[in-house]
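Each of the next two complexes has chain A plus one more chain, namely chain B in the first and chain C in the second.
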Partner chain A sequence: MSNLIVFCILLLLGLVIGKFAEKKHLKSIVKREHQLNALPAIASRYPPTGENVGPHQQLLVTGNVVIASDYFKTFLAGLINIFGGRVTPFESLLDRGRREALLRMKSSANAVNAEYIFNVKYQTATIQQKGNGAIEVLAYGTALIPTQQVKA
Partner chain B sequence: MHYENRQPDEGLNVSNESPLKQFMVLGASVLVLALVLFLVFSFLGGWLARFIPFSSEVKVVEALSIDFDEMLESDVDDPVFIEREKALNDLASRVMNHMDIPEGMDITVHYVKKDVFNAFATLGGHVFFFQGLIDLMPSENALAMVMAHEIAHEVHRDPISGLGGGVTATVALSALVGGSGPVGKLLDFPTLIGTASFTRGMEKKADAAAISAVNSLYGHVAGADGLFSMLASNPDNSNIPDWAESFLRTHPLDQDRIEAIEKAARENDWLLEGDVTPLSDVFVD
Partner chain C sequence: MLISNLEFLPDQKVIRHIGLVQGSSVRSKHVGRDMMAGLKNIFGGELKGYTELLHDSRIEATERMVEQAKSIGANAVLNVRFSTSSIAAGAAEIFVYGTAVEVADHE
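Then we have the complex of A and B:
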């Protein structure tokens, strides 16, 4: 019986606090996405070409986030595993993870006054399989920093 | 060089589904599924367990070497205890003479000097009578009815069937869903084993066998319903509404049991009237 009570409390905490944390995180993500909107992050493997592209220095920029599931999400995902279907509780988790990693990458590119990031890629890894589970999302790409700025 | 990223719309990668609603629907489905499986497995396990020979059941209980008297804190040297346990075993053998006892089945009655309103039959032909129940017995006929009821459980192999069903269902369910998985957390397996008791069907069958034995022993069924009548007229011992009680509890309601006795008597032309034997003085403090 005490097991069941502890389980229900964890579930409720996961639902209430998890939802609150997720909303807060999403709000902050949207805000920072607008702030860093001017810095393009492109998946193309090639740097931009053209007459108005000046000399650039290239730099590897990375953004990394480790994000954990909550008790409620993990339990609900377990239930969905029995019947099949979209594992909806993890969709928002992964979405947040990818966007946060990209934002961190853009922030680090912004810090070195990069104008452009190309060849952007994602990598994910499960780093905690037992318990509630946590994933790492890594976003990386090649930043182009105008050479004049580097000299200055 | 001027580029601008256009922000995609929010929620493209996220399904707009209420997690709480999803949880309710899936959780309820899992519980219903588990309940159905539990019932199926306990029925199958219970049915198979009846094929275990009684001698094997006795051997297993002996191998466990449980000292029932010690477990129930009985003072075996107390002359009152010895006298009452002997009186109960004498009554049991008198009742058994009028029952269809399979060959090789021995019944051992244990007396427990505790103020607990209970009597039960368990594995290996062991039947327990608590003083709290005997205190409320209005006559020997009523006590013989309860005694025959518990012995009938042994004859019908209800204890091993109940345990077999509970264990089968628990093991099968934990193998299917995993004791530590999400469903395992919802179902408290040890508790489920504990709830594996006799079904109402078993109780009704035991009642039917018991009333027949009492009729054969005394030549009538008068007084057999003594305990139930008393309980039915004093319903203050529970706050549960009647309809809920008759649905939830495994023992048939006292009023239902009295009616069942009368019905059996009418159908078999048994006498409802007769001299009721008073309870032996041995049981009175």
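Then we have the complex of A and C:
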């Protein structure tokens, strides 16, 4: 009986706090995405500037985040696993992780005054924790930094 | 040392391909951190301790790769890729690899 009570409390805590934290995180993601909108990050292997690419430097930039699922999501995903179908609780988790990693990469490129980030790659890994879901997302790419001082 | 995940350099010429270089690092957090992470699994959210851990070990793995590249006479590593695998609860291996090349200095 006491086990069931503990389980219900954990489920409720996960549902309430987890949902609140997710909303807060999404809000901050959207806000920072707007701030960094001027810096394009593209998956193309070649710089998009073509012929008018001036003198520049390049730098490998990375951004990573480890993000954990909450108790409620883990439980819900377990339920969905029985019947099959879209595991929406984990979809939103991965989406947040990817966007956060990209934002961190962008802000580190922004700190060195980059103009573009290209050849962007994502990499996702599961960080094992006794069956609970925690994922790491890494985003990396090449930042193109224009160097003005060469112009005389 | 130039490190890039491009396969070419837009304005520099590669004069010699030397070969594959790699660096790896396996790290884990102490038990206290793992317990904190366990708590976070109830509420959800970012595991800052692990984010830092993986970031640091990625830097270390990259340093090891750069050292190896230097020792064989390269001055750039191109087409760099990252790979992660968790090998035990709370421990992860970070692996970085790329092609060591010699590029001609431009200008």
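Methods note: the second predicted complex is superposed on the first by the 144 of 152 C-alpha atoms of A that agree within 3 Å, B and C clash if a C-alpha of one lies under 4 Å from a C-alpha of the other, contacts with A are read in each partner's own complex, and residues count from 1 in each chain.
To be clear about the criterion, contacts are C-beta pairs under 8 Å (C-beta built on N, C-alpha and C of every residue); 3 or more make two chains touch, one makes a residue touch a chain.
Bear in mind the structure is a predicted one, so any value in this text is a computation, not a measurement.
Novice: State whether chain B and chain C clash or fit side by side on chain A once the two structures are superposed.
Specialist: Superposition check on chain A shows chain B and chain C fit without a clash.
Novice: Under the stated touch criterion, which partner chain does A:V66 make contact with: chain B (first), chain C (second), both, or neither?
Specialist: In the superposed model, A:V66 contacts chain C only, not chain B.
Novice: Who does A:Q58 touch here: chain B (first), chain C (second), both, or neither?
Specialist: After superposing on A, A:Q58 lies in contact with chain C but is clear of chain B.
Novice: Contact-wise, after the overlay, does A:F90 reach chain B, chain C, both or neither (first, second, both, neither)?
Specialist: In the superposition, A:F90 touches no partner, neither chain B nor chain C.
Novice: When the shared chain A is used to line up the two structures, what angle, as a multiple of 10 degrees, is there at the CA centre of chain A toward chain B and chain C?
Specialist: The vertex angle at chain A equals 110 degrees.
Novice: Applying the document's definition of touch, where does A:T126 land relative to chain B and chain C: first, second, both, or neither?
Specialist: Touch status of A:T126: second partner only.
Novice: Check the superposed model and tell me the shortest C-alpha distance between chain B and chain C, rounded to whole Å.
Specialist: Closest C-alpha pair between chain B and chain C: 14 Å.
Novice: For chain A, give the residues common to its interface with chain B and its interface with chain C.
Specialist: Shared contact residues on chain A: 53, 73.
Novice: Could you pull out which chain A residues touch chain B in their complex?
Specialist: Against chain B, the touching part of chain A is residues 1, 3-4, 7, 15, 30, 33-34, 37-42, 48, 50, 52-54, 72-73, 75-76, 78-83, 86, 88-89, 91-92, 94-95, 115-116.
Novice: Applying the document's contact rule, which stretches of chain A touch chain C when the two form their complex?
Specialist: 10, 13-14, 17-18, 21-22, 25, 45, 47, 53, 56, 58, 60, 62, 64-71, 73-74, 93, 100, 119, 121, 123, 125-130, 132, 134, 136, 138, 140-142
Novice: Where on chain C is chain A touching in the complex?
Specialist: Within the complex, chain C contacts chain A at residues 2-7, 9-11, 34, 37-38, 40-48, 50-51, 54-55, 58, 80-86, 88-90, 92.
Novice: Going by the contact rule set out above, which residues of chain B touch chain A in the complex?
Specialist: Answer in residue numbers: 1, 3-5, 7, 10, 13-15, 17, 19-20, 22-23, 26-27, 29-30, 177, 181-183, 185-186, 188, 191.
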